[in-house]
Amino acid sequence: MIIVMTAGAAAADIEKVIGKVTERGLKVHLSEGKFVTIIGVVGDKKMLQDVPLEAMSGVEKIVEITSGYKIASRQFKPENTVIDIGGVLVGGDRLVVMAGPCAVESREQLMESAVIVKKAGAQFLRGGAYKPRTSPYSFQGLEEQGLKFLAEAREATGLKVVTEVVDAQSVPVVCEYADVLQVGARNMQNFQLLKTVGKAGKPVLLKRGISATIEEWLNAAEYIMNEGNYQVILCERGIRTFETATRNTLDLSAVAVVKNACHLPVIVDPSHGTGHWKLVRPMARAAVAAGADGLMIEVHPKPDEALSDGKQSLTPENFSALMAEVDRTAKVMGRNQA
Amino acid sequence: MIIVMTAGAAAADIEKVIGKVTERGLKVHLSEGKFVTIIGVVGDKKMLQDVPLEAMSGVEKIVEITSGYKIASRQFKPENTVIDIGGVLVGGDRLVVMAGPCAVESREQLMESAVIVKKAGAQFLRGGAYKPRTSPYSFQGLEEQGLKFLAEAREATGLKVVTEVVDAQSVPVVCEYADVLQVGARNMQNFQLLKTVGKAGKPVLLKRGISATIEEWLNAAEYIMNEGNYQVILCERGIRTFETATRNTLDLSAVAVVKNACHLPVIVDPSHGTGHWKLVRPMARAAVAAGADGLMIEVHPKPDEALSDGKQSLTPENFSALMAEVDRTAKVMGRNQA
Amino acid sequence: MIIVMTAGAAAADIEKVIGKVTERGLKVHLSEGKFVTIIGVVGDKKMLQDVPLEAMSGVEKIVEITSGYKIASRQFKPENTVIDIGGVLVGGDRLVVMAGPCAVESREQLMESAVIVKKAGAQFLRGGAYKPRTSPYSFQGLEEQGLKFLAEAREATGLKVVTEVVDAQSVPVVCEYADVLQVGARNMQNFQLLKTVGKAGKPVLLKRGISATIEEWLNAAEYIMNEGNYQVILCERGIRTFETATRNTLDLSAVAVVKNACHLPVIVDPSHGTGHWKLVRPMARAAVAAGADGLMIEVHPKPDEALSDGKQSLTPENFSALMAEVDRTAKVMGRNQA
Amino acid sequence: MIIVMTAGAAAADIEKVIGKVTERGLKVHLSEGKFVTIIGVVGDKKMLQDVPLEAMSGVEKIVEITSGYKIASRQFKPENTVIDIGGVLVGGDRLVVMAGPCAVESREQLMESAVIVKKAGAQFLRGGAYKPRTSPYSFQGLEEQGLKFLAEAREATGLKVVTEVVDAQSVPVVCEYADVLQVGARNMQNFQLLKTVGKAGKPVLLKRGISATIEEWLNAAEYIMNEGNYQVILCERGIRTFETATRNTLDLSAVAVVKNACHLPVIVDPSHGTGHWKLVRPMARAAVAAGADGLMIEVHPKPDEALSDGKQSLTPENFSALMAEVDRTAKVMGRNQA
């Protein structure tokens, strides 16, 4: 951490700041420039987390040098984390694909989806039983009945189940049925939920918030890991920008940035990331080529009858074609997809 | 709602879309251009909320003409909503000011803050007992003990209390102590929480999400109102943009946009909106001049000892100066501040 | 400037970086943390502008402490710059208002506009003779004929003339007719144009680019000032964000930020900043309350016949009302408007 | 085009709008909803470009249905445009790679770069002779001397030359030496420059502006094509967002969007798009997998001695490795790279 003093800060102010830092057991390096004095802080900056340095007289700004997360960082754990979900490894040599409808709508729709997804080679079935929707008048999900259908589909196909938890209260019931708990983009900084899934002991899929920096995203992972749960899969799903041609702007460079800074597996969701089925295949290929460990794809037996996000769902035929393309791309990356 | 077909869409596709719309009891107006056919939909579009028109063959895009919220709209209720909070009117002729520390840190700090805030003329005491923080290693709040201090400060000063609820579970306990329940920016689309405060029967202060459009913000208000609670105060507190000179970009035009589209009171938080105490006074004046019904301001007896956001907190002296400036600006707006 | 080395950077890399810095005559302060070594650089960082420190082995990142502009900074010149334009002072005690149509369309339209603007109390007439338009099929301006009409309107009313230069070639002809050369948002980083207006010796109105940071904006001013022309007026006119309810997001906090960092006058254009005439009045008041030195407002005798941006133009009646409100707001700020 | 009237618009206002539209020879379709009347406009909307419909009384907003560009659209020309640059085809079956230093610094540096680039298999040499730089104090380029070095490198290696034109005045001199004229991101809406390169008869590489929507980018291409020059190559190079971990956010979905909407070739610049050499290889692979027709890559013999953007330049070794990876990815896409 570096403390930048305002131009012409009083000597007394500088000394007061130094005093605050050293009384917490940290060391300082003073660097007096022509215009500006800067104070380098050496030691564990957690000791200063409750010291409002930026509000002190004469302080211009604080520049953070190291990131706020620790357990999630590559410095803490240099090798890749591989998560074993009932025998399917996420973050390992093989690409993983999670696919299925946006929302669980009926037993029939889900079972049909599961068969399609399984046949095309995916390892996970996705589907929302609890749906967070912008308008209170939109379809809100089948809730526990939806979870039961998911579990039934798992029995029938052997697919693993990933589904969203929308609040801390529903974590226990979702844990009963799911293999992976998904925390959605809107909840990425729902800290109560993060702590609860951190204690739940199940693998967690953590979507990036629509306006979250990578640093904030990894801090959210840190909340989960800080509760003792190290099985966190990160999922890039697009950020909000000024561009309106796509629903969001899929930030594939985030995959490479995270891979450098963090040891957790990263997957990409091009369905939400683009919002249009025509863009899903090219962006799925691109995600794999960028180094993603897996994909999350919306597939629906009949997208034009879907109750949620039909516009971005693939038909069974398109999904099969995607899987073939992705498989070839994965091989270029030295990966063996199913 | 308008359905735009792709250039050269097949007649059969157009007919299929029309069939979907009319089978829900709505009417269509067909407009065949040289390149493109568009289908105007007349009637209550809620009837179509579960029809995935955008996924249908031949559909290029859907253009929404009317907003998704109803109860929050000026069309629904043309006159301004004025909320009576124990005799203090929000949205009426007088400007309201909510002020206090970011976090409740101790009984002493809070009581001292309350006296300062009261003396300068504010009507509400703000202060967080539950603190959502980006890093799990930051100060997380005094929780119920903090609420008790807030209630005590109310007894002592007569100020009303506004404080944040961070999850649905804590709504009952916060209701015991607070006059207004604050829903923070990160929770603006925590729909479970919105529904819960909608049922709680207390006035709600709904902050705009850091990357929420005005349309999404008003839809979030609609979630609360849809549960029967019409006492919603909107609070603009800055959006995330590319600019890094300020913590957020305070979007004051949102005040005017909301005032046109919606009947609810709107206040502005220049402390979070700018992130720097030097910018709070000019932006507080600007907010009032833009037509805001009130302000939320961070004040701390000793900002350089604050456990949270000291950088953006005003000293007692600065706060008094702000109140005087704001008072003069309010008069220009035909408002009488306390 | 601070050089942050990667965790575990080799001693040889650190020494090589120090060597590069010291061979340019600068000093370093070394600060070795537990994880990271940082190198503080003391001296004139211009000496390092051609040294690619960030590409050197072992360098994680460079943190700039001081801004890139010098002549534009408050450190360089603490007192406000006041620009005298034929007796009208910009940046002084009185608020200045520049108003008129988006584009000069005809002699009649311009003369009529000038009379309206003058009568309501503005000091400057604005109007584009050269129009940069997104589509090649839109109205592109009357060019030199438009300039002649502007000059004629000045003769008739005594208003000063501000109009846009769209490229370096047209600077001489615009100089013949205008009192202030406007550099538009799209040209804020057209460096050839900046240098040319810097040499032209006329006052320059420099609009902020739609996606320019405040730092980049002040660097653009520096380009002009570096050619010897210190008469630069900055104009905030909205930035591009995700919000679509307004044409741009007017960033009024930029006024306060610039006033702290820079000595040049700052005005605000709420017409382009919001894109809708209904929002112009509240945002004009807010701009003045935020501390702006002036306003630029689009006024058209008949907005619904305007060839450009009629949607955001005020009618004569609305403009008069705005001037009265702005006048009252200016007085609160201790300013005397005309 | 659709004209949405305000709720409760007067019949007289509706009629006046209809009159304006029909007097230009266009037809209207009227659709009267419960709350809102909408007017569909059928015919060539260019006829209305100078009619300020949005400023007319009772008009809420205009919704554009078709894009503003015509010649650049797939509707105008369904098949892909392939540009022949001295025998090298851009937009054809083979991927093209343009590589070289950010700036031409010296004869020696450029010749060395050219040999590296040629040997690794690229077809184009890139290098800036005129450099637009944020600060007036940064290296501004060798200008015509740099162009001479580029031409000399072409003689020696057979590589085609692509280099930037920064203003209309320098178009003739750049045409003397270059095979492709590059219009940089900052100049994407420098309309004078667009028209000039449109008349110059040389192929143009048009970079996307840092905050340009895809619609605006294609309109900029339309400016060039409208002058009769159809040889336009589009180049995605990252947009400005809130994320600070990368210099820009490379928007690879733009490649797929443009490929659907437009017939021109699209290439990607991951060097500027990410700003960090470590991210260039993954994003180059991803760009090819997303369907890009080519890449533009910064390569420098000694990045840590570069006068510009060394941080994002590849070493010769890294560039060779990139070319091998890209080659394998191109094959998956059914493309044969050199």
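Labels A, B, C and D are assigned to the chains in the order they are written; within every chain, residues are numbered from 1.
Quick note on the criterion: contacts are C-beta pairs under 8 Å (C-beta built on N, C-alpha and C of every residue); 3 or more make two chains touch, one makes a residue touch a chain.
Computed from a predicted structure; not experimentally measured.
**Student:** Which of the two pairs, A-C or B-C, is linked by more C-beta contacts?
**Tutor:** When B-C is set beside A-C, the one with more contacts is B-C.
**Student:** Name the pair in A-D, B-D or A-B that forms the same interface as C-D; by residue number, over half of the contact pairs must coincide.
**Tutor:** Of the listed pairs A-D, B-D or A-B, the one copying the C-D interface is A-B.
**Student:** Just curious, how far off is chain C from chain A if you go by their C-alpha centres, in Å?
**Tutor:** Using C-alpha averages as centres, the distance is 39 Å.
**Student:** Measuring from the mean C-alpha position of chain B to the mean C-alpha position of chain C, what distance in angstrom results?
**Tutor:** Here chain B and chain C have centroids separated by 31 Å.
**Student:** Hey, what residues on chain B touch two or more of the other chains?
**Tutor:** As it turns out, chain B has residues touching two or more other chains at 211, 240-242, 244.
**Student:** Under the definition above, what is the set of chain B residues touching chain A in their complex?
**Tutor:** Interface residues on chain B, with respect to chain A: 46, 49-50, 52, 54-57, 68-69, 132-139, 166-169, 186-187, 189-193, 210-211, 216, 219, 222-223, 226, 240, 277, 303-311, 313.
**Student:** Residue numbers of chain C touching chain A in their complex, please.
**Tutor:** It is residues 2, 4, 7, 29-36, 38, 40, 42-44, 63, 65-66, 75, 240-242, 244 of chain C that touch chain A.
**Student:** In the complex of these two chains, what residues of chain D are touching chain A?
**Tutor:** Checking each residue of chain D against chain A gives 211, 213-215, 239, 241-246, 249-257, 260, 273-274, 278-279, 282-283, 285-291, 325, 328-329, 332-333.
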